[in-house]
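Below: one structure in structure tokens.
Order as written gives the chain letters A, B, C, D and E; numbering starts at 1 within each chain.
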């Protein structure tokens, strides 16, 4: 449980350090670190080609490529820890300082903001690891008339590999559509990955279920951890749904009318994800109830059995006590069969008690 | 409990496999499999007749029939596992690729979508089997100006048999109305079946109730299973209600104004189903409480009884201990009536304790 | 508990039997049965008079009276089991087939529907019997320009006796107002009866409370039964509130503007009823908590007492064990006061234990 | 708990007695009784003066004073049990019969109704007595163009004494403003008193908290009683908030635009009261949890201690049993130090057990 | 727990003392006390300079400075206990009496009110101290065309030190923007501090978590205290969110259109804070469950162990009882190995019982 809190704390920590600064100051807030990487792609109906840079990594000295009227430019920024680079990109495309601040502050809720000349879309890319649990990384998109800027939290991200290869291979509609369709495809590839996360969570629930049914104890922290991760998952998906509704109502001139059915499709996916999360939460609550009640049932079983044993021994002990008394005259005391008789009586009494408890279904 | 999760997992599994593909790719997502089957019906005021195909099964080589202006065409597709067939139908009627994707992805929520030239309606057909629980199959309808396309998940479905026979027999208003009334009748026949499902669930609750009152143990998993099925049932009906509200507000030109009272009637049915589900959930919660408290009451009863027995034996054991001490001088030890006196005292003490416990209503 | 479920099941049963039929088929769905009865009343400012029929019961051969322009006609149908009669009335006043279906299907939620030429109002008349619990019967009203049709579930109903006698006696405003005021009066008389039901429920809660405070056990099923009845009660009143809001907003030409304050008054009554139901539910929840905690407190009391007794006897038994040992040399064994001394010590020990337990307030 | 239910029942009782009567019949519904009292005040910028009546009590023969154009008339009716008087006032000011019915039926929810010529405001005046708990009395106001009618439930009420003295003393803005400002001042004086009620409730919670922390038992009924009173309190304040929103939106010509900021101030007070109630409910829930868990903790403490004692005595009793056996040859039996050795062993065993339990923190 | 209630009570106390006064009376309501302090700042694009007063503290004799057309005036009032000073400021800037009342009544909810000529913004500045818990102080802002008035609860507050130094240093955009940007910066600096509070709360939760996992008892009050503080925290932030929505919709002429993106940024911060609070509440609930169940698990462990010990000793005690009986003839009694045999049997029995309990995983 502690890692989850620690992770959250660190972010808040760094955020509070920023408290004194004027608004719009570019300070990276988030867990990620490491180098930044920038890649460019231009494409049109004729095909897509990478923009040449010296080496793979973009140096801050090089120029940010200009968008062309007849081609779509996609600038893919991976790693948002270097304010200088972010600021340079921002200046080139005329982005608002608060937008750049949001890009670098990687704890944003999913949202869509319309800045007139460009749309700003914030998403959360989710990954689930059975060991370390759910991790989410921020993905920010800027959609302009003929360009798309994508910002990912670290240079390790592989969110858009499928889209890149589809572009370079020339498969699908991508080359024949505008920047808006590219933005849609990027959002779609992030949202599609949510189903893989759900699958992993579902595996975890199944494992938990087997543990519960096999009578393992102390599953409470694991159930709570999973519950919390579902809450966190829901928090990443639900605002996206709202943002898509906003996008649909806004009728931004940057997005073609024909594309609205595609965004509605993503909206449906979000609803489906949220529905499944709700089902999982219901399952976990059920598991929790079954777990708690089976633990208490097992304990009760043990206590009942032990109390029954105590009760069976009580009368026998009384009889031995009686024949241990030092009275001069007691029946059977001097008879040769006395001992056997008494032992027999004790066996009889305990036997009939066991029979009676069995009949009452207490044993 | 495991089957329910497994079923859900498999779908998510296959869905995540689709993650890399471009949007609109036709891949069947769902549990069903097997052959597909296509049937056609044309009708007008003069009567209805089946469209002749070679054999019962539609081969992918044959043409999809054209809609006529003066007759209503109903194309009934059973089994949505063959992308080729779905795509062929889609091309004939000019359907959107995302619509076809939704038809083949059988985990959609109920919804109504207006594509301008045609309406797309997704429903869930429900079946309840006491053994395997609730199963739901997707039913998709496309309502065009003079045609209706219906897609069912497998060729085993019998959702529309009643409507087919009413058409062929010429009973009711069906022959005299347009495609919109046919679509309404199909939705109505699916929704009407929900009441049969509710009936089965009600039987299960009644059985559970008898088990609870007769003191059976370990009913918790069964109660939770039923609860979860009610949640799943609700999830199939509730979005349909919203979709019908949307249909009512939209005033699509494809649906005659006079039909709105009919769709409002289905809306009322949905509300009724949801209300009944809520009642069932309340009953199950009550059952759960009664069950848990009767289990704990029974255990408490046993524990109390056994503790009382222990308490009754305590003083008697003490007395035998006293007369088992080896003091030279103890009262009554050498008296011929000593033993009988002490035994009598023990009987008296235990008797009065039992009387007192009875009076206190502890026994 | 079983009756409540059974009653619900029977309705669903019959409803599912209807599943195959075309919409608008007149089949009675409900628990009631028996003969149907029809009565007519005409009135104007000059007075009210019953319409003569041969005998009290209306034969299906007789004609349904026509509404007159200058008088208000009230047709009171009691018992909705005969499709022929319902259909005849429906044809005379030009009612929609789905409306007639709703009249005969006595499991409708309260609602108001505007059919243009007439308003359709569905209400639930409630009765509470301490033995059999809450029963509700459907009351349907059709309000036309100068007529009111009222449909009650059986011929035993006495919902409107007060209004009939006020009409025949000529008391109040009824004779001087139109059909809309009559409809209002009928709704008002049904809603006013809800307060009598609340009163009975309040009696039941008070009885339960006395049982709880006097320490009766096993009140859980009774509390749950009452809780369920409150839920069912709420379900009858809440939709009526919504329907009245709808009526208020709709501004139907059939209802005079001046009457809106009257309908708002019924609306206030509904809110009051729902508020009181909520209070009752809170009380029942409180009662449940007090009940459960007093049961467990009593059990704990007993267990604690018995454990204390065991503990008090432990040291005494140990002492007797010590002096029961067969060592040759033990102190006081041969002293004439040995026995008395040991018995005295035992009394002292147990006495001081009891004193200590008292002081600790454990006893 | 019983008084609260009884009070509620009585009202419902009387209400149900009214069920047969036509709407608008004036029957007093409520707990109050006793004489009615009427007082009049006229004021303008020049000053305020009481209207002379013969004696303090207003006889039904006397005339109700007319409102003047240049002065504000405030008619203060205390006690609403006499239909004749209420009706007379109603006739003079042309009030709607349903309004008068609401005035006499003292179980109304707070509301504001716009009758065109006058506004009708219903409030609940609250009083808290530690003994009998929360009591609420209905206060109804009618605001006309140049008059205000106030109706209080009994002649014992002192809700408006502050306003009366401010008028007669000529302090504040009252004399220089119209009837709307008077109405505002009356509402304000009722709402201001809510804070005194909250203070009393807060005292009660504090007392309860001290009881809980000092370990008193059986506080459950008291906590539930207070919880219920908070619910009832909330029910008196929440609808008032809604009513004030309604008043703000309605823009009645009877209330000056400049006054809206004043009514918004009352609105803020209501929100503050509701917020504080919510805090109190949270505190009570917390108290309840702490109470229940401290009760069970104390019981567990006792049970654990007693069980430990039993366990410590077990081995000692076994040893005495061993040396009580009648074997011919047993070690130490005939040794002079045998007894001391065995007693020493027993002390050692029990001592080390106590030490071990201490170490394990069980004791 | 008591301090929290006491603090709340004192405010209500003083508030109720105000009940009799006319609305708009200036009485300080709140916990704070002490001297008041007033400071002035003027700035424009050319720079910022403090307004000279005699001494640091503003005497009530001195004049309140006038706003100039070409410069922004910021009047910073710290400590709102002196009605004379508040009234003087109010008269100079023409503020509404109810606004001044709200400034002095430091228990307001966050809100934004548009008075036409000026906007009134109420915020809560939060501080968290691990000892005394969460404290909140009211911050009121009045934004006029070219001035900002800020009122803080006491002269100890340091909420705006960052903004003051940024103004005097001439860093950032502040000098080049109008009064609206200053108001924004003040709100922003208060809201930014919420993250520091969240950080402290997160520390507390982490400490609690460690206590829970290390098995500390009696953490319930601490968990409840923290829960209550989260509720209180949420109550300070949530209404601010609403107020900012209101501000956004209102389009006050006092706030430049370009600034709306900045206020939307604060809005996002509020949402983030509320989200984090919700996460913390979920964590606390989880902690509570784990805590309660680990307490009961530990108790159960102890009870089970002790009961097992009792059960193991039962048969041994029975055997000693048997050989303590005084029968003349008993097997092994006179055998030299009798004692060893019996002791051996006892060891064997208890040993096999322990083995069996171990196998059953009861021990």
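A few notes on this one:
Throughout what follows, contacts are C-beta pairs under 8 Å (C-beta built on N, C-alpha and C of every residue); 3 or more make two chains touch, one makes a residue touch a chain.
The structure displayed is predicted, hence computed values, not measured ones.
Fewest steps needed to get from chain A to chain D, stepping only to touching chains, is 2. Counting steps between touching chains, the shortest path from chain B to chain E takes 2. Comparing the contact residues of chain A and chain E by number shows a mostly separate set, under half of all numbers used being common to the two copies.
Centres computed as Cα averages put chain B at a distance of 44 Å from chain D.
Chain D and chain E have Cα centroids lying 27 Å from one another. For chain E, the set of residues that touch two or more other chains comprises 303, 307, 310, 317, 321, 324-326, 330. If you sketch which chains touch which, the chains form one closed loop in which each chain touches exactly two neighbours. All chains form one closed ring of contacts, and listing them from chain A in the direction of chain E gives A, E, D, C, B. Contact residues of chain B toward chain A in the complex are 1-2, 4-6, 8-9, 12-13, 15-16, 18-20, 22-23, 96, 98, 101-102, 107-109, 111, 113, 115, 218, 220-221, 224, 227-228, 231-232, 235, 292, 295, 299, 302-303, 306-307, 309-310, 313, 316-317, 320-321, 323-326, 330, 332-336, 338-339, 342-343. Chain B contributes residues 162, 166, 171-174, 184-185, 188-189, 192-193, 195-196, 198-199, 202-203, 205-206, 209-210, 213, 261-262, 264-265, 268, 271-272, 275-276, 279, 282-283, 286, 289-290, 293, 297, 300, 303-304, 307-308, 310-311, 314-315, 317-318, 321-322, 324-331, 362 to its touches with chain C in the complex.
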